[in-house]
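Look at the two complexes coming up: chain A is in both, with chain B in one and chain C in the other.
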Partner chain A sequence: MGIYEISLATVVGINIILALGLNMISGFCGQISLGHAAFYGVGAYTSALLAKAGAPLPLAIAAGMISAGIVGLIVGLASLRVRHDFLAITTMGVGFLFLGIVRQQEFLGGELGISAIPSSGFGKIGYLVIVLILAGFVTAFSLWIKRSWMGFAFDAVADDEDTARVVTVDVNAYKLAAFAMGTSMAGIAGGLYTFFARFLMPDDFGFITSITVLSMVVVGGIGSVFGVIAATIILTLMPEFFRFISDYKLLVYGALLFAVMRFAPEGLAGLARSSLAHMRFKTRTKDEVA
Partner chain B sequence: MGVILDVRNVTVRFGGVVALDNVSFSVNSGEFLCLIGPNGAGKTTMLRAVTGVIKPQSAQVLLAGKDISKLPTHKRARLGLALTHQIVRPFRSMTTIDNVALTAGHRRIARILTAMVAMDRSAERNRARKYLELVGIDEVAQKSVVGQPLGVTKRLEVARALALEPKVLLLDEPLAGLNSVEAARLSDTIADINREGLTVVMIEHNLGEVLRIGQRLVVLDNGRKIADGPPAEVMRNPTVRAAYVGKERQNAAA
Partner chain C sequence: MLHLELLIQGLIYGSMYAVIAVGLTLVYGLLRILHVAHAGLFALGGYLGLLIINATGSLVLGMLSSAIIVGVGGMLMYRLCYQPILDRPPYVALIASIGLFIAMEEIFRLIFGPYGLTYHHPPLQSQMAIGGIHLRAAEIGMVIAAVGLLGILSYLSQNTRTGIAWRATVDDAEMAKSFGIDTIKVRYLNFFIGSGLAAVAGIFISLLSNLVEPTMGGVPAYKALAIIVLGGLGNVRGTLIASLLLGVVEAFGTIYIGSILDRDAIAFAFLIVVLMIRPQGLFAGR
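And then the complex of A and B:
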């Protein structure tokens, strides 16, 4: 693997953590968020400030995770009263609010961002391994939650929150839990990005990033852990292999989002399921004929 | 036989419309109470106010002597109020049996931290299957609820509510949409469950079934309670007859 491939793989790993975080909120718990990049940014900036102050990497990333989770909890609390399209607009507003604040703060580097962030000290390969281990951990955690009774309750909240209340589900507590866990994951991704890029710009955490992450979740199939991972890999690598896409990223991702929602609302995971069922059906009918 | 559910002075206004005007009623432990009245009388609104799904302008609700008027819906449900919907609302991403298993496991989801570490659903699925058998839809247990006929989803509503093991079962037109055989069977099942000790409050338009299985009737009309008592007596009440058959026909008959 050359340096280019190593850094691509590192970005894929970071994006998987980021996308699985949004999948926790939007996929599992059914709460749409158009401001996920803001929590990614909170994690990244927290880690960057601590790293520059001399904090070791684990501490800096843990602090990024916790600060993003706390901000996520606050946004979650503020969002409990809004649903659906109103929640989408509220979270989008949070994204712009984050950018607006960061751009004006001297100590966050303003428009110029934060540069000269110390290296992780593990080398490129070593850092890739750390990122992939954390991505594996976040994947395992997502699968665990999906199978647990918490995931069962999330399904109920995502399906119909009023009915969930009638059958004893504490909807607010579950929504807050989803927000806290999902935004903490975004914080981990942000911290990892800080030590990878070693240079932060406010625009790294803008609306385009939020839409990109949302595309990964929707294209993968809302709620499906492996679908989201597959879509994250494809959507992260695509602009690299087809240079022209990165010039029209928002256009391409917007078109993808529209196409998936219109023609395959269950995303890659849904397509895989239905083609699998189709194949089984075909072999079965073949057997019956034979 | 004490009072298990005491509902006092419920007033609900939607904008300028008074849906319920200072209505009170109480339900004795083990009783089978039917809430009847013409369309728009406020019956569904009453059950929604009792469970806290809507916020009444004023109301006092006591469940087993405890004032639950200030509690949110999920806490009232935990204390023993189960509600079924007139217009069915199954959890659409789940199979039929999981719709019931979720509520059978309501203790597991009461705290998010314990819900996070609990994985096994088999005990709850076993109990869920019993409830599906009870209402007679166990043959579609593993099927998705999407695309199931109304006869199945209506009974699923009842099974899901029963799995909460409530103190009081509140049923909003459980028989509507069922054919006469299914309706008779489900009302027999509900009557059986009631005989085993569960208190039932049922809204129902099917007067035949109401008179067959109800022990007491509360009649609402235009947001007011117009009668409360044993079925035969209530049905003789001229105000009730007027509300039900309409004043014109009453006059025409006279």
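And then the complex of A and C:
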């Protein structure tokens, strides 16, 4: 693997963690968030400031995770007040608020961002291994949550909040848990991005980033762990492999987002499921004929 | 004097927000869709207006034809993009709409270039002083257009059969249908008028800055969403008041807390504060 492939694989790993975080909030628990990049940014900036102050990598990333989780918990409190479309717009507002604050603060570098962040000290391949291990860990955690009691409760909340409440699911606690976990994952991704890029700009964490992450979740199939991973890999690599797409990257994202919602709202996971069912149906009818 | 000037600046911007947000809130009232791509139509209106005005030199012709073309575009967007997914959960239409908006922005960038277009001879640029406050003709025109258009709209909705059918459908579509109102026609009308208004707002904004650019829809898109949420989603009167209020809050905010937050962040900080106190918006839904 050359340096280019290693960098790409690292970005894929970081994006998987980021997208699985949003999948926890929007996929499992059904709370649509349009401001996921803000938590990614909180994690990244926290790690960057600590790294520049001389903190070791594990401490910097852990701090990024915790600070993003705390901010996420606060935004989660908002989700107890407002629902559905109101929540989507509120989280979008959080994204713009984060950018607005970062742009005006001297100690966060303002418009110019933060540069000269120390290196991870593990070399490119070593860092890739760390990112992939963490991505694997986050994947396993997502699968575990999905199959746990908590996953069932998330399902109930996503499906119909009021009914869930009637059958004594503590809706508020589960929503907060989803926000705290999902945004902590974004914080980890942010910390990892900091040591990878070693240069942060406010625009790295803008609305477009939130939408890009959302498109990974939606194209993969909202709530499906493997679907989201597949979509993340495809959407991250697509502009790189097809150089001519690069200039049209956002057009492709936008059109894809629209097309998936219009024609296959369950995403790749839904397509895989229905084609699988179709195949089974075919073999069964063949057996019956024979 | 400064306060009066800020207030007037705020009301000028607020009236522009109102013209954009009314179409958005009507779509929400009718279909429960957060129609983000509305801002794409706003930008399309700006581009068409500028192209036609540059070609013909006539402001009126530019505005009229741009409003009509964009209005038809809005109807097409309803038919092709929204109608097939109306029975899905609300996030489906929201995400589809965001996708559509991003794609539209990119198409403008690819066709007209990333740096935007300017007027050859920008109309309405003369300055005048009213009571010691300097205003540009375009700013006055924007306020007059906003008051005029929204006034006509309100008159028509109260005093014509179509207007009454429209209000009935927004109020309760099932009931309206059982009284023999063609609710599908009402939806098309709704998209035509809302999109046409957005086009007019797009032209006025381009006159103020003498520029149309691919991203010109971005900020109004998100701000208009904030406004209709503030106004209580689907509530027209609430939306108008919220528009003016947001314009004024922004104008004062940029002067007094501009060092902490930029203009767009002030709008959303205001939104979040209001929603935490009143989750149903300033004015409860219909």
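Just a few scattered comments:
As a convention for this text, the second predicted complex is superposed on the first by the 285 of 290 C-alpha atoms of A that agree within 3 Å, B and C clash if a C-alpha of one lies under 4 Å from a C-alpha of the other, contacts with A are read in each partner's own complex, and residues count from 1 in each chain.
Quick note on the criterion: a residue touches a chain if its C-beta (ideal position, glycine included) is under 8 Å from a C-beta of that chain, and two chains touch if they have at least 3 such contacts.
On a predicted model such as this, the values are computed, not experimentally measured, just so you know.
By the touch criterion defined above, A:D155 lies against chain B but remains apart from chain C after alignment on the C-alpha atoms of chain A.
Considering which of chain B and chain C touches more of chain A, the answer is C. Residue contacts after overlaying the shared chain place A:S215 against chain C, while chain B stays out of touching range. By the document's definition of touching, of the two partners only chain B reaches A:R165; chain C does not.
Of the two partner chains placed around the shared chain by superposition, neither chain B nor chain C is touched by A:A48. In the superposition on chain A, A:I145 makes contact with chain B only, not with chain C. Put simply, chain A uses no single residue to touch chain B in one complex and chain C in the other. Within the complex, the chain C residues that touch chain A are 28, 32, 34, 81, 84-85, 88, 90-96, 98-107, 110, 222, 225-226, 229, 233, 259-262, 264-269, 271-272, 275-276, 279, 281.
Touching chain C in their complex are the following residues of chain A: 26, 32, 34, 78, 81-86, 88-90, 92-94, 96-97, 99-101, 103-104, 207-208, 211, 214-215, 218, 248, 250-251, 253-262, 265. Taken in their complex, chain A has these residues touching chain B: 145, 147-150, 152-153, 155-156, 158-160, 162-171, 173-174, 177.
Chain B makes touch with chain A in their complex at residues 51, 53, 72-74, 77-78, 82-83, 85, 89, 91-94, 98, 101-103, 105-106, 108-110, 112, 114-119, 121, 160-161, 164.
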